[in-house]
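Written below as structure tokens is the structure these notes are about.
Residue numbering begins at 1 within each chain, and the chains themselves are lettered A, B, C, D, E and F in the order written.
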């Protein structure tokens, strides 16, 4: 059962990703797109966590952790670009 | 793994998945940026949190001993999610992105409808 | 186990590191370190050359992992020759650069040594992916060197050069991955064995990989239709860099020779000689377009750059002929064209400095400060590069012409070689007579050329003269090299039977 | 899945190549990045599709081919270095040539005049 | 060892403890080796990065802090459900509003904590902080009464934070 | 060795004058003469043995591999030519001493002349055809310098180029011919070639060989239609003309004909080609010579005509014709050299060479006049002078050729006609210069006799004309005999050189020529007018315009192909790759036969859709650069998911970290670039690009699919088996990186370090306009460092570093390693830059990133070098397990040190790139007033300046 639930949840999260990318494409504003991307990062983390359970391996933990860190930095940089242009001042 | 554990994990996972989907749905269907900002910031983050709890239980049950390291991911997420939301929101504010008309106290329209202003 | 084989890679690497860590030291010290290192590299290269002349193929297993599992360096006649050529070129380029052509000093010298590391690594490695890595090392160094000194022309041509080569690197990766995906190995000797046993189903994929590699190496070698980056890039590079770059096209040629003799050579079964049908016509077109470009050039350095293209066409034609005689001739010609073109680039720099604002444009300009001396040197260089007797270019061309076998080969090769020669005569006599003879009634305000810089140029030309008058030993070496290349089994046996040092990695 | 992966690589390549053929530095760099993804996936695929495997000894009982992975890692690092370089070069070109066209000309301007 | 050198040697005790816990969690092991290594890192990293984070935070009331933490977690979970309903419900019914929340807090760190808390708890996101004018700009997804919401936030989150971090000494 | 010294002596002589020039002109001349004098001595010394039929030979190996050796021979032909070359050369040395103006460098002239002499001697003494070609081309090269001696004159430069191009091209044809001969004979040695003469003539490629060799000879000897370079070579100083166009350069061609006579002559092809070329040249030269107003022009065309005569004789190929040809070579050399010298004297003394100005010189310089007149009469073929003798032989041979059947009369007829013209121009030379009234407008007036010694060479040569003309048997006979022997290969035919053979047809032809010539000269005014009308084209202009035309064509071609458009170059490169794949897969794409495809997973399908949207979105939105950047990130994210899906967590980690760093980098750059990509591709371009892109994608897709479905055998079992036991790590990918293939990694971090160094250099002094507003014209936010961000970033720093250390330490056994750890550290520090700014960071982090990066490479390298001390190859790793009480087992591996090097390099390089790029705004200037529209779409229309 658990495997099926995991697969189902993965599918749900993947669906969420599709919704995110849709928002990313249509925008309309740049902050919208950044937000969509940030959400994608978070959903990807979910996907990795689920995948680890699916494979019964803890190998994907570092990946998820890193996506959390990197997604944050990416979002900050992108937003700062809209605010200041010069992201490192 | 016993069935109760499996059900617990499944619940956490499904709940998390639903929250994640709702967050993304909000992002997809709400009308203006600032409204859309709420979905991912909370629902999605919480959704991932739920899945992580599920994962912790799962690995603690399958591997020898407790497995807490996924908690770290949740920690990072909960630290960073509000900051991300803040900085994106700030950018949107700066760009004065069109809001739904019914939004009250739109900062860059302060001059026109000061009546409703707080403070 | 002879650690000397890896010295051509490590010496320049450590030199570059030392130079960068010593940033801020006076240029004198930086130049000194750089020059001592390049002398040491030259000495090492000559020792390696003499070792390789013993017809023994030496293998150096990095990390003590036996081939085909680890990366190997392989020293045979060909790699030794190329390493020695590189060292000699570096010696003269850095000598010239050290006479004030190297500002900012630290970055030029260090990156030049990085380049040497990459070039030597590419020549020595026996591993396809490692070849890619060294290609990247030398490319990134070459990008930096090309832009050395700045200015719009360099930036523009540099942008083209960099972007094209980035695509080239991607293609290399695709080809290497494909070959790995089919043969399951990256060791070139091992790959040769596997390729030779390819099944008919796999052959088309292998063929695709082989031709992709040809595109990659063709881009490096500046073969038509991939030569576009070369003329402007060489013409705009600073003199010591342009001189050093004369080895760059040869890396492509080396890779073509190595790959299409060892892995896709005559003994490659279904994939035997897959490159030859392409190489031959493309080489001849390269030759033709290079000659046309030399005639058309409006600047001296651009003209020399097109002469490089001509030499590329000539060498590729020799490779395409695919015989010991032709390959021997090609290797001889390779030495010749590298030295001569490098010397001409350095000379062009001296000329250009004396002409002031007229620079190297082939128009009337002020009289040179040392017209007779520079004119004489230019004349000899021009005669050599055209292939006028008794200089090395002539010897190389005659050897190459003699190696044509079929009537069709003979006709096209001879016709185009001779026609391009006469076009080059016309082109260089025009540029030479304009620059040295058709002068304004005033002498340039510039200083005389630096004695030692001039000496570097003359010494480089002296190498060409030595190549002409002491041709016999060189020809013997290149012919023996060609024979070794055409019998790849020696190489394969040497690599695959290599014994690692006992004691480590053995349980 | 083989077809899907092939299609993904094909799409990445096509998009990358199309952008590479643009005239301005920035889209070209985007194209280069896309092409790099395609190439990295291609190298990766030279180890074939390995699900439920790992390259860590002791984890699981199936092992994927680790070599292509190591090659991709090297390729990623190198292409990162190259991207950084070409990006700064693009800036330098913008400064020296006055615009961001790869040939140093502003074609709209040329068409107008 | 005087207090200055002590403070220099152990700049963020709380952080150090937190990091040790993190290390053990990350390595998924509580062997002695991990304690030693984690302990070393928990000391060394704050020590070497202290220039980046000069002012140390001091928790005046640890129990209050714990209570606050649980409160926030509770709020996150419960109110998230509300937001979920809001998102899924009819869009036209939502009544969004911007709110300026005047700040009593003075320190960067506590203001940041407040802002983040506001963002994490449902229905509100901090979109701007104006230090000079001393207010947070918050966007609410569905706000019936702006003034009431502001007051609620101030009492529910700002006050405890002020007590935990800023009301200690000085 | 004496033979070699004959060639080398002038070469030594070439160096001396350059040195001795400073000691005065006379010493310079003496020093120049030493070499040739010695050579002359040696030659004369050897002549006796040559006369006796002995051929002296020398062989020194140079390049036996291709048959190019120093193989020399001194036979009769060589001796005769060598004597002419050295003898006349010596006279020219003496003459030039007085001819050359003070401002011209005598040393340079002597050096070049002697270099030329060396090359000429090489040609005539070579016993190896390839060696002869070597010297042959050297004469072309040196003549270029000699003709261009007065390089400030346009005529000299153009004449020099023309001569070089024509004779150089001929030399290359000759080379091709020689190589073909060698293919048949197997050697370049003349003896071998002569021995294989029949074989050559019977060979299928004989016609080609013949044409190629003749092209060499004809261009050099200025045969029609290649004659045009010679008159323009007259812009050389007269000593040069006297030397090159009497005895040496132009004679090389006829020498070649004589030399190759045994190997190639005797066929119809030879007869027709050589004879008629010679005949055409003979008539063409003679006709034109009459009408030249330039003294040297007249002599030049006369030279062409006489070369035609010699060629024609060699074409006849009869024994006596060959003898006559050789004889005329000698005669022409003597009288033409003296005439050139006389012309030079007149030019020297009057300042002009225009015969319309020069009149009545008899009065001013009777001595010179007398000598010139004698020489001119020799040229006209007047009895008692040497020219007469060989011309009589020519007439006689022309009468004897009957191989043309009923058309054989053309030979005597053309010979007589040429004789008439020859007499006419010789008479003109005498009458128009020395008589014909008073000089007109001379630049130097009054002219007088030249310095005494300047005229000595003329005297000697004219003396020779007379001596040979009067007592041929006492003077030239032995030389002639020896030379003929060398050419014919057998003893001289029975012939008799005499002034008086009785009244025969040749004598009558001579008288017709004499009378006709005089008559023609009387009627010159009408002829001149006719000539002026009919014949006005200048070969120099034609040649130059042809060269110009080919240069323009080359430029058009080059500009057409090489249009400096990167878009085209890219398209070609990608097109080449597509063609490569397409061509290889043409015979059939290997579809899987019995391969079980893996099942399609829904989640993967969704991920693929996301990736596709991302990729296509990047393309479709690429005009909006920032949006494209966001979509690109999506692609990167999905790619890392693919890595995860297919069991490559290390790759996913790397991909995701590099991705973010790259995005940050792209944004740092984008700030300074236009925010919008203009829509500048036309529909055609877009169509082409779409086709190319589709083809490339299709190719890659097919390759991927074919590869995925092809079984393969890999080395990887070895890595899996040895990773723990041999490399000490469970993470095989990491062990490959730091151990099995650590050398790759060393190269890779070197690339990173070099990139950092290069970027550092590029950023140095880079000034970019600072945009004051974003793409929509909005001013930037006033707050550079949002406090919430700064606070959180600082909290995250220690945590992130903790994570990076964790990833580093675990890397050998779990996903991670030095590279990823380095990126995490860098990103943590970059976050500080983002949140708090460069200045803030500079106060806290005083690293010099370039040094850091380089140090990392150094550490990695030294780790590798360390294994030498244990007797192992570079980069051999070692590891061991240590058991420590209470803690347990600890593994220490040298590879960890290597990985530390990687870590440090990554941190240093990444931070260098990002931090320095971030600092760019501080170092850049702001050239524009901060208007809100400053850096927006308008930027593209206005162009930046």
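Going forward, a contact is a pair of C-beta atoms (placed from the backbone, for glycine too) under 8 Å apart; a residue touches a chain by one contact, two chains touch by 3 or more.
Here the structure is a predicted model, which means the values were calculated and not measured.
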{"item": "Chains in simultaneous contact with chain D and chain F", "value": "A, C"}
{"item": "Reference chain E; chain at largest CA-centroid distance", "value": "F"}
{"item": "Averaged-CA centre spacing for the pair chain E and chain B, given as whole angstrom", "value": "16"}
{"item": "Centroid distance [mean C-alpha coordinates] between chain D and chain A, Å", "value": "21"}
{"item": "Rounded Å distance between chain C and chain E, as computed from the means of their C-alpha atoms", "value": "62"}
{"item": "Between chain E and chain F, centroid-to-centroid distance (C-alpha), Å", "value": "75"}
{"item": "In chain F, residues with contacts to at least two other chains", "value": "564, 566, 570, 574, 629, 645, 649, 670, 700, 703, 707, 712, 714-716, 719, 740-741, 744, 748, 751, 754-755, 758, 762, 781, 786, 788-789, 792, 795-796, 799, 803, 810, 814-815, 917"}
{"item": "Chain D residues counted as touching two or more neighbouring chains", "value": "20, 25, 42, 45-48, 52, 54, 56, 59, 67, 74, 78, 81-82, 85, 89-90, 92, 102-103"}
{"item": "Where chain A touches two or more other chains at once, by residue number", "value": "15, 17, 22, 30, 34, 36, 58-59, 65, 69, 71-72, 76, 80, 82-83"}
{"item": "In the complex with chain A, residue positions of chain F that touch it", "value": "602-603, 606-607, 609-610, 613-614, 617, 621, 626-627, 629-631, 633-634, 637, 640-641, 644-645, 649, 652-653, 656-657, 659-660, 663-664, 667-668, 670-671, 771, 774, 780-781, 783-786, 789, 793, 796, 800, 803, 807, 810, 814-816, 820, 824, 827-828, 830-831, 833-835, 837-838, 914-915, 917-919, 921-922"}
{"item": "List of chain C residues in touch with chain D within their complex", "value": "129, 133, 136, 140, 143, 147, 150-152, 155-156, 158-160, 162-163, 166-167, 169-170, 173-174, 176-178, 180-181, 186"}
{"item": "Sites on chain A touched by chain D in the complex", "value": "55, 57, 59"}
{"item": "Residues of chain E defined as touching chain B within the complex", "value": "22, 25-28, 76-77, 80, 83-84, 87-88, 91, 94-100, 102, 115-123, 125-129, 135, 137, 139, 141, 143, 146-147, 150"}
{"item": "Chain A residues within the chain F interface of the complex", "value": "7, 10-11, 14-15, 17-18, 21-22, 24-25, 27, 30, 33-34, 36-37, 40-41, 44, 47-48, 51, 59-60, 62-63, 65-67, 69-74, 76-78, 80-89"}
